[in-house]
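In the two complexes below, chain A is the common chain; its partner is chain B in one and chain C in the other.
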Partner chain A sequence: MTESKEFEPNIVGFLCNWCSYAGADLAGISRIKYPSNIKIIRVMCSGRVEPSHILKAFKEGADGILVSG
Partner chain B sequence: MTEEARVGVYVCHCGSNIADKVDVEDVRDYAKDLPNVVLSRDYKYMCSDPGQDLLKKDIAEHNLDRIVVASCSPRMHEPTFRYALEDGGLNGYFLEMANIREHCSWVTEDEGEATEKSKALVSSAVNRVPYHEPLEEKEVDINPATLVVGGGISGIQAALKIADSGQEVYLVEKKPSIGGKMAKLDKTFPTLDCAACILTPKMVEVARKEEVHLLTNSQVTEVSGYIGNFDVTVTETPRYVDLDDCTSCGDCSEVCPITTEDEFEEGLVDRKAIYRSFPQAVPNSYLIDGDTCVKCGKCVEVCEAKAIDLEMGPQEHQIEVGNIIMATGYEVFDPSGAAQWGYGLYDNVVTGLEFERLTNASGPTGGKVKLEDGSEPEAVAVLHCIGSRDENYKKYCSRVCCMSSVKFSHLAKEKTDAEVYEFYIDMRTFGKQYEEFYNRVQKEGINFIRGKGSEIIKRDDKLIVRAENTLIGEFVEIPVDMVVLNTALIPQASQTEVGQTFGIQTSNDGFFLESHIKLDPFRTATEGIYLAGCCQSPKDIPDSVAQGSGAAAEVLSVITKGKVSVSPISAHVN
Partner chain C sequence: MGDKLNFAFYWTAGCGGCEVATLDIDEKILDVAELANIVLWPIAMDFKYEDIENMDDDNIDVSFINGAIRNTEQREIAELLREKSKVVVAFGACACHGGIPSLGNFHNKDEIFQEAYVDTISTNNPDNNLPTPKTEVAEGELTIPEFFDTVYKLDDLIEVEYYLPGCPPSTDLIIKAVEAIANDNLPPVGSVIASKKTVCDECDREKKEKKVKEFRRPYEVDVDPELCLLEQGIICCGSATTGGCGANCPTVNMPCRGCYGPTSEVADQGAKLLSAVASVIDSDDQEEIAKIAKDILDPGGTFYRFGMSNSLLKRKKLG
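The block that comes next holds the complex of A and B.
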């Protein structure tokens, strides 16, 4: 990334299949536009997300993490 | 993890749904260089038969052992592709889907960004799929009993259809009687049958059928388990009157000194603290409204059947069922917060449901359309879309109001011979015999004005309806004596809370979310829980009945099979 460009965060979303992931699907069905920075990882329960998942995502270059469920 | 996985990647165009935004060829070529990828293709419709055949053929020819499909949401087509993998000889769970439609092409403005995001999603799927382990679906037995929540026309229809097959049904209703909103209606469009005449035989059948266990004045307070085996707790509010002993003589009500607003009559009149909702109520026994009763004991003294017990407490029922049908209905929009329509400010401004009670032969005026002072109106206005199709309230169309407004105009004309003005945005008469009914009422001399009634004011002793007649582009002010506000159908105030009890979601309009808006309107995202009637979206009676039967058919297909496969995917926390 060159200095002239504005900082764009890289966000990882851990989303519960039964609610938030379905919510993200609904955003799609409703054609609600949002920035492409977030990459969604589907989990079967947000309680399944361990601290190590979050730390690993940061280590691999994520700037922000969203856990939603 | 398989060290030497052989991954096949399939990038779907979804017609133009994905391909218009995402450069699918670029994503396909990008995937070729990802670890373990043996081949990468793009195809117009992966879910089609030829698309699935392509996948099966490749599994055999290229010895693939892991598949990534980049297409729509896995909540849509994961089962489709799992079957394709199984047909191709692989375990169905060696599949990973990259959701590049709902989570990418449909939500991203910029084409370049959408393509880059698709690549990231495909890359993550390719890196994940070697970790997949073979899973086997397990089958569980289905408890053939069904719970139906809500005793309006949809719930009644669903319960009766299931009971007709000889299976057991628990019908739980929050109110003291089944019948729902339909029991309050007068005539029903387009045939002008009286609602009670067509509804009460079904209500009586519910009470008569051995297979139906009716729990009124009751709410579901806890649900656990899964399809085939749900454990449900139902809490019954005390009636203080024994259902079996009460003879419905009404002596108790006569001596009761306490009065309160009659909810069934939309608050137009009062009722006693010991009461029966309406004469055809099922069950027909009286009950005491615990919130207003002062326990004076006068009713106990006069009750010859000794049916009253003022010490009765709430009761809990534990029931076990295999499937659940939600038929929890709707509420109507309360226009008192919207001062422009004068509801609550001026006399003789009534809601649609209040007008139903006024025209109903068993209502508080015996079916006479009267003003507050007891006289007949000389001019009546009927306003469509109060709270519906309105950016300030509910954006959606409530579907039933055009037709019920036409019915109100007809009834007002018939009963009072008043001059009737109907204010509409568009006339939506979509159902069988609906347009014909509208044409008929047009010939009765009703004044149809194309323009939303935007404001009600009071001038001298008249109510003035202000609107723009959009056909001639003129502002109009019409003086009338009575205004009927045809209010929106809205989700129940408790909708979200009830959804949480059952583990089902609501869509952004607040109604329960169906599995697929067009192809799967009966099921929810939770297996074994189905929807019927207005809890899913506003509906007229024919559609509510249809969805009640449809939900019953869904349940019966599960019961008939006797077993159900349960997804082996579940969350484990180490």
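The block that comes next holds the complex of A and C.
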């Protein structure tokens, strides 16, 4: 295994169950690859995401946050 | 001495209001005197730090510490009291959550010194002298406590058994705490001596649908004494703040400022308030929303007024 020294961001994605999460799911079913840097958290609506969720994610070490929906 | 308890009161980075609140329990202070020997109370009585240093560990039954920690002296005495005390109570908003002094965490030591000792209009300091921990004089070396970049809440530095929040804690809660100590009826360690619900729960104002087109400060509004203040466009922190105060501020037409800190269900009081305030803005138009949000003066200072040390943000990035 070769070690890459390039910066790999750690991204947390809050995805809406009805659109973007479904999209990510479809990508999986269609065997479309996407980088493993993103950790997806399914929410029932992107409106459910609160500022404190975002702050908490940064505190736990996220480099970037994606709120999608 | 006999079988009386030993109490210590100490004041760190705070305004002294907590000390006044202690005396505000009126004649109940006599019950405190009946119950306990006071072994340290710098504002009211003459004891020396040495007296405490010479004590055995756990000699003090309860230390009430009010104020945040922002210099080495405060840290030293807090650690000393911890060593000598069975129980430490974080007394007031500053000790519990950082309080007003923790707004200093939006800045750092250099910025604060520049403002306080150089830039303020009333300051005459042509040589730009700033406080330094050590100064050489003819007679020897003088030392003063060293100022930190960051303001800490008490439990960032020492273990704390109980929290009595508020700026200052209400007399009812102080009496409740003293009675619990007197009757040896203390709640589980780590308890916050306040309500488990929010200020809104104690506020009698009528709450209808919240739709706000404009945020205003209390002096700009002819306040309706019956209606929820947030519905009138006044930023009231009650919805994200622990009750126990009896909603004293909203009762007299002043919005809650958030001094009791977040409820146990809330991770970050400021973020929760931001969420609450954002959700009452009555507009679907991006530009209009931005314009309404601009009415909020100093959002950081408003949403985190009493709790920067306790927030997820903690402070402005250093360096």
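Throughout what follows, the second predicted complex is superposed on the first by the 65 of 69 C-alpha atoms of A that agree within 3 Å, B and C clash if a C-alpha of one lies under 4 Å from a C-alpha of the other, contacts with A are read in each partner's own complex, and residues count from 1 in each chain.
Heads up, the rule we're going with is that a contact is a pair of C-beta atoms (placed from the backbone, for glycine too) under 8 Å apart; a residue touches a chain by one contact, two chains touch by 3 or more.
Please read all numbers here as calculations on a predicted model, not as lab measurements.
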Room on chain A for both chain B and chain C (clash or fit): fit
Which of chain B and chain C A:56 touches, first, second, both or neither: second
Chain A as apex of chain B and chain C, Cα-centre angle in degrees (nearest 10): 130
If touched residues of chain A are counted for chain B and for chain C, the larger one: B
After fitting on chain A: smallest Cα gap, chain B-chain C, Å: 7
Overlap of the chain B and chain C footprints on chain A, listed as residue numbers: 50
Chain C-touching residues of chain A, taken from the complex the two chains share: 50-52, 54-56, 58-59
Touch list for chain C against partner chain A, complex: 266-268, 271-272, 274-275, 312-313
Parts of chain B lying in touch with chain A, wherever the complex brings them together: 73-75, 99, 101-104, 106-110, 113-114, 116-117, 120-121, 124, 503, 505, 507-508, 513, 517, 525-526, 569-574
Footprint of chain B on chain A - complex, ascending: 17-19, 21-36, 39-45, 47-48, 50
